[in-house]
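Each of the next two complexes has chain A plus one more chain, namely chain B in the first and chain C in the second.
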Partner chain A sequence: MRRAGDVLRVLRYAVLSGYYDYQTIYTWRTWMVGWYVRVLSQVAFFALIGKLLHSPERTHYLLVGNAMLLAASGSLVAVASTQWERWAGTLPLLVAAPSSHVVVFAGRSLAFVADAVLTSLGAFFAAAAIFGLPLPWPRVLLLPGLVVSIAVATYALAIFLGGCALRAPGSRNVVSNLATTTMMAVAGVNVPVSFYPAPVHALSYALPLTFGLRGVRGLLGGASGGTVVADVAAQLAIALGWLALALLTFDRFGERGRRTGAIDFS
Partner chain B sequence: MDAAIDVREITRVFTPRKREPVTALDAVSLSIPSGEVHGLLGPNGAGKTTLVKILSTVLLPTSGSAAVCGHDVVAEARAVRPLIGIVFGGERGLYWRLSGRQNLEYWGALYKLSRSEIAERTERLIQRVGLGERADERVETYSRGMKQRLHLARGLVGDAKVLFLDEPTTGMDPLAAREFRALIAELRGEGRTILLATHDMTEAEALCDRVTLIDRGTILATESPRSLGRVISRFQRIDVEGADDDVLDRVASLPGVASVAAADAGVRIEVAEEGVTADVLRLLVDSGVTSVRTSMPSLEEVYVHLIGDRGLQV
Partner chain C sequence: MPLITVPMFTIVFLAIVRQAGRGDLAQYALLAPVLIALWQLSLFCSGEILAEERWAGTLEPTLAAPASFPALVMARILAVTAVALVSVPEVLLAGRLLFGVSLHLRHPLALVLTMLATGFAVAGTALIMAAVFVLTRSARTFQNSLSYPLYVLGGVFVPVAFLPSWLRPLSSVVFLSWSGDLLRASLAAEPVHRLGLRLAVVCALGLAGLALGAGLLERVLSRLKRNGSVGVA
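Moving on to the complex of A and B:
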């Protein structure tokens, strides 16, 4: 019980620290004007392609896919923010502390998950109104839960990738962009997963967006509750898999850093 | 007395990619008793930080062993970590966007303190390092000296038995450095063992019970700052003012006098044999010279003598 309390306390402060970092990036005004308008334009851009094709189905497909992509890409900021411990010089102190540094890394960028959820939902509902996407009430009330599952699952992938990028800090943005591009291409955002040859499907369904996005499409398209729940369950399983890999990676990073001397004091 | 830090034949070799291996520490042995403030002196690249990193479980040695409070730093790293505190110099190692209080609470949580322990210890440390009025302001608004005091408080949040201070006063103004050293001196009074890696000879001389001179990964000497002078000059020096050339010639001709040379405001006589100091003093006083002072070489002189001009090289 004491151990759980310790972990939660560390997590709380890690989240708080990340939240303050996040606060220095945006105010409400800059978030609305500088970020929200930009991502809404991005979703609208893709939805307009459907309009140009005179296809309401494609318009809605692209709108939903790109709005949900925001939940994933926003969480991928954690690939870069994981490096901030290195820049702050706190990495050796974390490795030498009695508690596991993995908890710190897991909590450090959670503020970006909240941002990703808010961004995704905000863009979705605004774009839905603009492009006339019919919303099935009250089923749509379950949408935030699915968006959270996408953001959290992608966060697990992001901290795994962040742990890998700690070994080569210069690669953090490349890794993050590559992950976003891959999801955009093969996770069912703009074209269905079935568009790709079968061998690519394994990659598609290992990504933390694919099942969640399929669940969202099912929810909005009137699929049975069982189908949506199955997608959510698969999404959570993928999230747990990435989380397990992330924990392993950070543990390995600490041990490898001790061996190679990669953890600097200055 | 039990050794708080016991280093035996520690070697650490780094193998950079596509470059020759570098031996940062070469069979270093060192024993520091509990409650001692021990200085680790040496130029950049001497191996000071490598040794501190090994002792603080951040780096594994290539060979040899080291123990902190009886726990092996490799095999029992988990047992070592609650016992140690690390304090860097400079501005890194703190969360700038958290307040000083939040930083301490955060590290208190990482040191597995209970909620009440965190609250009590945070408040006590804030008062102790003199940050009471600014404790709830963001660290990014602190001066260098305040950040350094917060660093020290962070190093103490787990009630460390052994503190590693790595260049703790780097970049601080003289007044802030003085205040910081006063805090270190207080810690000595509490029986904590402190390993202080520093370039600052004045700091080492003022704070340390013993110092170890280290260069190119090997230990050159371990002594108290006062007796370390004997490494380069076994016996005393005599600084004289107002002595005429005839008297100085007679001093120079005494057996056991190594040199008579002009110094700052007068002349410095160095002796090379035990007992010669008394002969020199007698001759000077008999000749009517009354401005006479005996001294040992300062730690800085010892450092320069032993390490020479390596200070700018890495």
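Moving on to the complex of A and C:
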């Protein structure tokens, strides 16, 4: 019981620390005028390709896929944020501390997960109004829950990738950008997974977004509740797998760093 | 970084047009990643030249040197822009190997001249960013915000004609919209109309960027020198 309390306390401080990090990046004004315009443009950019194809169906497909991609890509900030402790010189302290550093890293970027959810939903509803996407009522009320699940599930993947990037700090942006563009290509964002040859499907279904996005399309397209729940469950199961790998990655990083005395160096 | 994501964008764009059965748009899908790479390198590499000098502590000695500082910055920006042209073979390779498509050079001279004019315009715009980014503590926020809005306004994939009419005047002052249209026209079977005039517009917009960037750079640097804050953000 006491241990759970300790973990929650560490998590709380990590979340607060991440929140203050976030505040140094955006104010409400720069978020609205800079970031929100950017993400809305991202969804519009792809939806306009549907217009170029003269297909309302393709326009809506691209709109939904790219709005949901924002929930996933926003969570990938955690790949880079794992480096912030190294730059701040606090990584050796974290490794030496008795609490799990995964808890700290997980909490540190939670503000960015909240941002990813807000960004995705904000861009989705605005783009839906601009491009005339019909929103099934009252099913659309469940959409925020699905977006949260996409962001959280991708966050698990991001923590794993962040652990890998700790070994090569210079690669953090490459890793997160490659992860984003890979999802953009093979997770059913712009074309169905079935478009690609069978060997690519294994990669597609290892990405939490693939199932989460399928759940969203099912929700908006009138699929049964059971089908949507099954997709969300599959997504969360994959996320748990990535989280387990993340725990292994961080522990190995900590052990190796202690052994070689290179915790603070790349 | 942009050179790493170029093949991925090529795959995404070609997949979209192939899946929609619109092979005729494959040329659009091949050009878009090149324009994206040019813009992103301008934003992320050229834009950070001054800021990086400052982080490295080399901005003060560079400013104290007798060589012209704007000329030095511009030369570095042009080098980065030249590197961005590596995206062309990257796109061609990805398109050929993964989708079996390639660029049809109907008007090679128009294509080459447009690429050169675009490179110049990219460099001019990058000079503005180099000056602005050194003034702000959160250059990354600006950089992140200036990608997709410019891809939409610049008609990087979808021609400006598909935008709402109220956005088109804004597009016409974005050099990418002229470059994108010209590049697509140079791949079409029809003759390229008013090539000279359209190239002149791209160059004029690049020149405007260059003049604005040089002016801004001068003002920013004189302000930093006056405040004694050349080395600190």
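Here, the second predicted complex is superposed on the first by the 264 of 266 C-alpha atoms of A that agree within 3 Å, B and C clash if a C-alpha of one lies under 4 Å from a C-alpha of the other, contacts with A are read in each partner's own complex, and residues count from 1 in each chain.
We adopt the following convention: a residue touches a chain if its C-beta (ideal position, glycine included) is under 8 Å from a C-beta of that chain, and two chains touch if they have at least 3 such contacts.
Quantities reported herein were computed from a predicted structural model and do not represent experimental measurements.
With chain A as the common reference, the superposed partners chain B and chain C fit together side by side.
The superposition places the C-alpha centres of chain B and chain C at an angle of 90 degrees about the C-alpha centre of chain A, rounded in steps of 10.
In the superposition on chain A, A:10 makes contact with chain B only, not with chain C. Superposing the two structures on chain A brings chain B to within 14 Å of chain C, judged by their nearest Cα atoms.
Looking at chain A, you'll find residues 24 touch chain B in one structure and chain C in the other.
By the touch criterion given at the top, residues 12, 14, 49-50, 52-53, 56-60, 78, 81-82, 84, 86, 88, 90, 92-98, 102, 105-107, 109-112, 114-115, 118, 138, 154, 158, 166 of chain B touch chain A in their complex.
The touching residues of chain A, when paired with chain C in their complex, are 24-26, 30, 33-35, 37-39, 41-42, 44-45, 48-49, 51-53, 55, 58, 62, 173-174, 177-178, 181-182, 184-185, 190-192, 195-196. Interface residues of chain C, counted against chain A in their complex, comprise 1, 4-5, 8-9, 11-13, 15-20, 22, 25, 28, 138, 140-142, 144-149, 151-152, 156-159, 162-163. Interface of chain A with chain B (complex): residues 2, 5-6, 9-10, 12-14, 16-17, 20-21, 23-24, 88-90, 92-99, 104, 257-259, 261, 263, 265-266.
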